[in-house]
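Two complexes, one shared chain (subunit A), two partners (subunit B, subunit C).
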Partner chain A sequence: MTTAPHVVSTGVDLLAQAIEDQAAPVSRVDWRPPMADTEDDLATLALDPLRPDANAAALERMLDVQAILVDVLPASEAVGLERGDFLHAGPPISWERASGPLRGALMGGAVLEGLVDTPDQAAALLEGGLHVRLEPCHHRRTVGPMAGVVTPSMWMFVLEDPATGDRTHCTLNEGLGKVLRYGAYSPEVLTRLRWMNDVLGPLLQRAVRAAPPVDVTAILGQMLQMGDEAHNRNRAGTLMLLRDLAPAMVTSADGAGGPTRADVAEALRFVGANDHFFLNLAMPACKLALDAARDIPGSTMVVAMARNGTDFGIQVSGTGDTWFTGPAQVADGLYLGDYGPDDANPDIGDSAITETAGLGGFAMATAPAIVRFVGGSVPDALATTRRMREITVGENLRWSVPVLEFAGVPTGIDVTRVCRTGILPQINTGMAGKVAGVGQVGAGLVNPPADIFPSALAGLAQLSRARAATAPA
Partner chain B sequence: MSDHVELRTGAYADSVTLLQVSRQVQQLPGVATAQVAMATPLNVEVLERMGFAIPEEVTPNHLVVAIRMSDMTADGDVDAVRAEVDRAMTDSRRQVGGPTEDAPPRTTTAALRREPGALVLVSVPGASATVEAMDALESGSDVMVFSDNVPVEQELALKTYAARRDLLVMGPDCGTAVVGGLGLGFANVVAPGPVGIVAASGTGCQQVLALLDHAGVGVTTAYGVGGRDLSADIGGLATRTALARLDADPSVELALVISKPPAPEVAGELTAYAETLRIPVRLALLGPGRPDLTDATETLLRELGVDLPAWPVRGTTRAARGPRLHGLFVGGTMKQEAEVLVGEAGLAPGLCDLVDFGADEYTTGRAHPMIDPSLRLERLAAVAADPETGVLLMDVVLGHGAEPDPAASLAPAIHGIRPAVVITVVGTAHDPQGLDRQVGALAEAGAEVHLSNADATRRALEILAAPTTGDVR
Partner chain C sequence: MTTAPHVVSTGVDLLAQAIEDQAAPVSRVDWRPPMADTEDDLATLALDPLRPDANAAALERMLDVQAILVDVLPASEAVGLERGDFLHAGPPISWERASGPLRGALMGGAVLEGLVDTPDQAAALLEGGLHVRLEPCHHRRTVGPMAGVVTPSMWMFVLEDPATGDRTHCTLNEGLGKVLRYGAYSPEVLTRLRWMNDVLGPLLQRAVRAAPPVDVTAILGQMLQMGDEAHNRNRAGTLMLLRDLAPAMVTSADGAGGPTRADVAEALRFVGANDHFFLNLAMPACKLALDAARDIPGSTMVVAMARNGTDFGIQVSGTGDTWFTGPAQVADGLYLGDYGPDDANPDIGDSAITETAGLGGFAMATAPAIVRFVGGSVPDALATTRRMREITVGENLRWSVPVLEFAGVPTGIDVTRVCRTGILPQINTGMAGKVAGVGQVGAGLVNPPADIFPSALAGLAQLSRARAATAPA
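Then we have the complex of A and B:
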């Protein structure tokens, strides 16, 4: 004889109550209507025969990736940038629509490359657009924090998945405050960038080539156990990187043509003093994993979230290279000094790739040390990580959160679940000043614009219907 | 009288909750009448019929708060009433979880992560039901879809997916089921027993449960399959799975399938399949020239060797003083069965009007009439006042999930009205409403009350045909 089952009740509370009245166990789903006008598309995708396996494959491919730091190269060699090429964060954008911090970073980049002598001339050059080309980092297997500007002479980390040989890239992190990625281009900013090009990049190249392979994916797993969420806190990761590279950095001073001992000391001081240095390894590691999940027909998993300071865009596995974009929002958080909300630029940077991969806001529960910095509380942080699990395909057990009984971080944002629940991905972010040249003004929490998820959903549903129409009966 | 109407956005609640809120508000001092409802076309129509002016910009996503204050009240009182609406709405948001970090699940998938293998009961609006049902199937759970208004192609897709995995989809539009002795949906309280039921009709199943209970025969399992399961479109997918489950349960001695007559090709396949099973499978198929549910139940009882009881009747009613029969039903099958009997009796179509208030057109965005009797009571008042009306035929369905005391509103509504009143009360002795008390109250109010809907319909026709002999009993 069958025994009374445990019941999950999704819908009218009265029916759950009727089960409780029979002294039987019942769990209630706090169901609410989906985002406006998404019901038909959601039903189409729920019944799409490809979706379950496609999402499972997307998650599996992503989790199988091991990101190893294999080299440090100038962008000209790493991703083939030529004179006049500029990469930037986020979806494609023109100079005309670019925000202050992106313009500032492009202007600084133009000076760095010697295209012009002064930032003012740079503005004229970029406005004319004749000898310059703007392209998203994401289109060159690259991610860039904040403005994300990459020019040919900048040195980049090169990460590789040994199983496939696939690579991703990211520039070296400049530190906080007045830095190019926040739109600053003053002489001190350019001086630092030149030192990074002349000293730090070549030194790190020698060290990386000489040292045992640095397993970035594994370091990310350890960081999460040490209070980093790998977006706004990378302190443990940075120190672990130093631990792995310092001996080879020191020995790189030996021999002819190498850096001086003073260079090595300066490099060690620079990296050690920059808590965000590891962010520029976390980001390409996330992109390497997510790129493996791209282009799987039927998959509703988000493979990139990126902002250019004007638009917020997402790319989805099942819709190829299409960007679904909406207006970037201003973060809600804390401001440096006497900056305030009026000084902040809308959300900018490819760093939301960390959230896309289950880190940052999605791993907030593991980083209580910074919950106040982004304007929250510890219970909020625990609730955020749990809430993000509602919208993800699965969990990443290699990246686990001790305080949540070692649950894996919520991984693989599912467009359908965002539209169903109305729960938007939670992103931890820095805030750039909206005027070119200002730099960082604060840090906080931000969400994507809600409308891009129904747009992506409609795109996925359209493809699904087209497949159903052509499939053999 | 003064009216207050406001539209609220982003304030969704299910129709049953809103019914409860409306009732609380109606009882406040100074309130002549009040409705709090989602602004579906049907609800807007009802509100306009009540005399409320609904603003042009209304959409189905609005929550309408309509309050009519009596003349005796001061202007400020409406604010107090509105505050009470807010309070009632807040109270109705059941606290299903603990602190914020352990929020209740928002989707069926999330709930099943916490309760793997649970049976899922879906009662969200029809446009969203498939999505939640698919969550259940993908997680390996059986699902009962109480929701109606689910497109038939979605039903087919769900059931095809389920059949490949030996999972059961009960519904859509499955009003009742008994699984492992637990009643789901609108469920009568029955003792365990040797009969297994597979029903494409919720109230048809409840009628048989009630008759079997009166005869002392129990039912451990009654699967619902939804009204379309044996149509050519669906091909009996769920019926086969349900019969296989019953066959595998050693406590089941005999299975009864309750449905409209299947499509001919489906009937053939079903018969062939039934012959492969251990248990005998009997059919109760509703339609012209076929035995009614009471006949089918009697045949079953004879096969089980149980003595046939007399089906109970209580109360006497008036003589018919008009030529017309009005049937006001909450049970779709009760109406269909009456329709067949009325047709067989040769009553002129113009003299008979049978309405099912549980049909989709009356329930979009509104609670089922077994929960919310107001639409039927409104119609009852109208037809009772019509001198053409000779006999009123109605059903009252008891059990978990149904109104706690249907006679409380129905008995006063029939007391002293002009037409004869014949009512079927579908219920078992242990239903929470108290079968005996419900029947007593209705009989006292002037109705002739039956347990068998077929008997009630025949009596209604008899009274109509012999207008002077209403008080025969």
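Then we have the complex of A and C:
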């Protein structure tokens, strides 16, 4: 029989090595002093009377959210996009500063919408900027994986919390490799997107409206018992979605103007062949939960982490809609085919919303097989989930990790804990080629740029001092 | 960062306790002296010149097998059952010695086949024994979960190894609770079985014949990365089967005498609602692999473990078709509703073929969530897989356990290792009510009766001595 506790070692490495030499496991906690120049702000926030209750409320509101898949709609209906509107991942950015994969996806989107005939014309259109508008997905209650480009004709999942009626949205997942969200825009990419617009979207709409409600939050709980961490492994989730929608998809093939049996079979094959299909439900479920924790004065909890391929940004509950940004990093990981580190774009996508909610990199202990996709070792995967507990407000028992004796995933990144420990959130991610049109080149592990946390900390401390100054003596 | 090694402690417990007190994990290897009165037979087999190569060959032949789902057929066609034939789980047994759940399943089967009109009449028919024949599943290249009763009209999965053309078979899984294989025979049980005969079986036949080949061995490999151990967790496997067959099920609804759209939707719902559906593919895949390892002179590897609810029997490669039997034990586990230990029948079913092939209890490390179904703790589940390595011939790298850094499951139970270490194979299992008609009462953990291993050892040693006596000097 094995017992679970193990030695925790900080500081001088001699003890840890001595214990390992006796064949006992050791967790080396990566202890560091607080991040540079954060002592004053940390001291201010340590004394902030609002902080403990604000963070407790943020966590509680987040954990109370139940994300139900209630509809599938074109983006024009779902979030009101109009001709020339483009949503993109991450914090706000202009065409001029956009990276290759974001540019590629915008170009493909312009062709898809019939704004232009060719990707080359699209580049000119977007560079001109006269008839196009770029806006972050996050500003429209939406999240987008990788480039995250959404145009009016694309169909979106609509998730709703029945307790509040709040909604979030995400497009349908195209699969891996040469796909728009990784910046590819070749004819095969556009053909697939048109089939998704013409066949898959309407078919899923009929099925979702006819089927019993799909509880995405509950499926995420099951996924964590089935080796998915819901960012780069969504195999079980995709299969559970198929299970839940397949009967209604079949009965929707009514031969009366609706989809044909061949359409249904093709849709089942398409979803079944794409282990990442459920990512586009996991992400808006996480956003729906985190949006409930926004705008709580004094809360130091991160409510969004997002990258546009150039900048990495975070939003924090206590600082409203402000983005704290820094340069996106290149992931360290495994490459497809002949691609290598020189081919990879910096980190991109809203998918780090999964880590913000305690999934993805934070839940890697429950998905050790993922190291074959993103790199790293199994002991690292287990240690990562444990390490993230150092920087989070609490745990989510609805999303538990069986191998850690059903401990909940570490949830609610606390800016003060990140600054105090120097431990950065661990994200796992797909890697886009840095040249527009290439598509996916690999997958790996990455962190946010460290400086954005002291920036957010300073913003929080400034508000705290302002509150203290105006408070009655 | 965590490192994986840990302290292994045998014998005096003082050291283990001391290390645990320092918060380091300890595996207490359950070391014992060899089983009583096995020294001479162990010595004989230690010197048997055939044994090492025979066991290596048994393991290799087993691991070479690829189980492909090639057809779905009624038992009359699949294994030639005729009116009055009943297959059952475990070693041979008569009605007189049959336990409640086996009797209940035979009674329900007799009604299903129209041999009698009521279960009461069935008891009289079976007790008389004039027009009925009972035979173990294993004698017809078949395995049956729990009571394992197969009658001519029931539909069966047909698995084939393309390299040899060898086949094995198993019925379709009915779900949990009040079902025939747990000894229930109420009208709802029979109604479900008739729907399976009339709708589900023919529909699956069409789909399997139309779909790309379903590689059950490969799916089992994926399942181990998704929290299934393929005995009492088959969730991911069931979902992958649905994924692979759903498109062909849809196109089979051709409105021309075949199944209707409503039939297909109902079949998808039925399979999707039964997390254990894939068990009936995992079992014959394991039997197909183990059958390839049969009848190798000198091999001490177990090729079948099976229980009929009264007796637990094993067959060993080097002793041909001989069953070594002892009394089946009652499992220790978790009970449904108000049921308790007094309601449980002793261990029953051919499903221990999964453990014989390295799955189920042997693979529990990869399925820690199973402790919520069968009892025990997560550290126990991890330790069990490690402990089973002490009694197996090798490992199966095609079926690897991510959390153990992708080690293969411990595979090929060696009778000599069991006798030398006193470590018994660990089985996890459903528990049937001991009264005919009740159905499932729980699930738990169980071992074979210890004495059957020294019996098998004696049989192996006897053959070894006979070979030595006739060998040229």
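Definition applied: the second predicted complex is superposed on the first by the 440 of 473 C-alpha atoms of A that agree within 3 Å, B and C clash if a C-alpha of one lies under 4 Å from a C-alpha of the other, contacts with A are read in each partner's own complex, and residues count from 1 in each chain.
By our rule, contacts are C-beta pairs under 8 Å (C-beta built on N, C-alpha and C of every residue); 3 or more make two chains touch, one makes a residue touch a chain.
Please read all numbers here as calculations on a predicted model, not as lab measurements.
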Could you tell me if A:Ala383 is touching subunit B, subunit C, both of them or neither one (first, second, both, neither)? both
By the touch definition at the top of the document, which applies to A:Thr118: first (subunit B), second (subunit C), both, or neither? neither
Please indicate which partner A:Thr191 is in contact with in the superposed arrangement: first for subunit B, second for subunit C, both, or neither. neither
Pick one for A:Gly227: touches subunit B only (first), subunit C only (second), both, or neither. second
Under the stated touch criterion, which partner chain does A:Ser94 make contact with: subunit B (first), subunit C (second), both, or neither? neither
Which holds for A:Arg417: it touches subunit B only (first), subunit C only (second), both, or neither? first
Where does A:Gln462 make contact in the superposed view: on subunit B (first), on subunit C (second), on both, or on neither? neither
Would you tell me the residues on subunit A in contact with subunit B in one complex that are also in contact with subunit C in the other? 1-8, 19, 22, 24, 27-28, 30, 379-380, 382-383, 386
Subunit A partner contacts - residues on subunit C that touch it in the complex: 1-8, 19-20, 22-28, 30, 222, 225-228, 235-236, 239-240, 242-244, 246-248, 250-251, 253-254, 261-262, 264-266, 268-269, 272, 368-369, 371, 377-380, 382-383, 386, 402-406
Mind listing the subunit B positions that touch subunit A in their complex? 12, 14-17, 61, 94, 96-97, 99-112, 114-115, 117-125, 127-128, 130-132, 134, 136, 138, 141, 146-147, 151, 154, 157-158, 161, 179-185, 187, 189, 192, 220-221, 245, 249-251, 367, 371, 400-401, 432
What residues of subunit A sit close enough to touch subunit B in their complex? 1-16, 18-19, 21-22, 24, 27-34, 36, 39-40, 42-43, 46-47, 52, 379-380, 382-383, 386-387, 389-390, 416-417, 420-421, 423
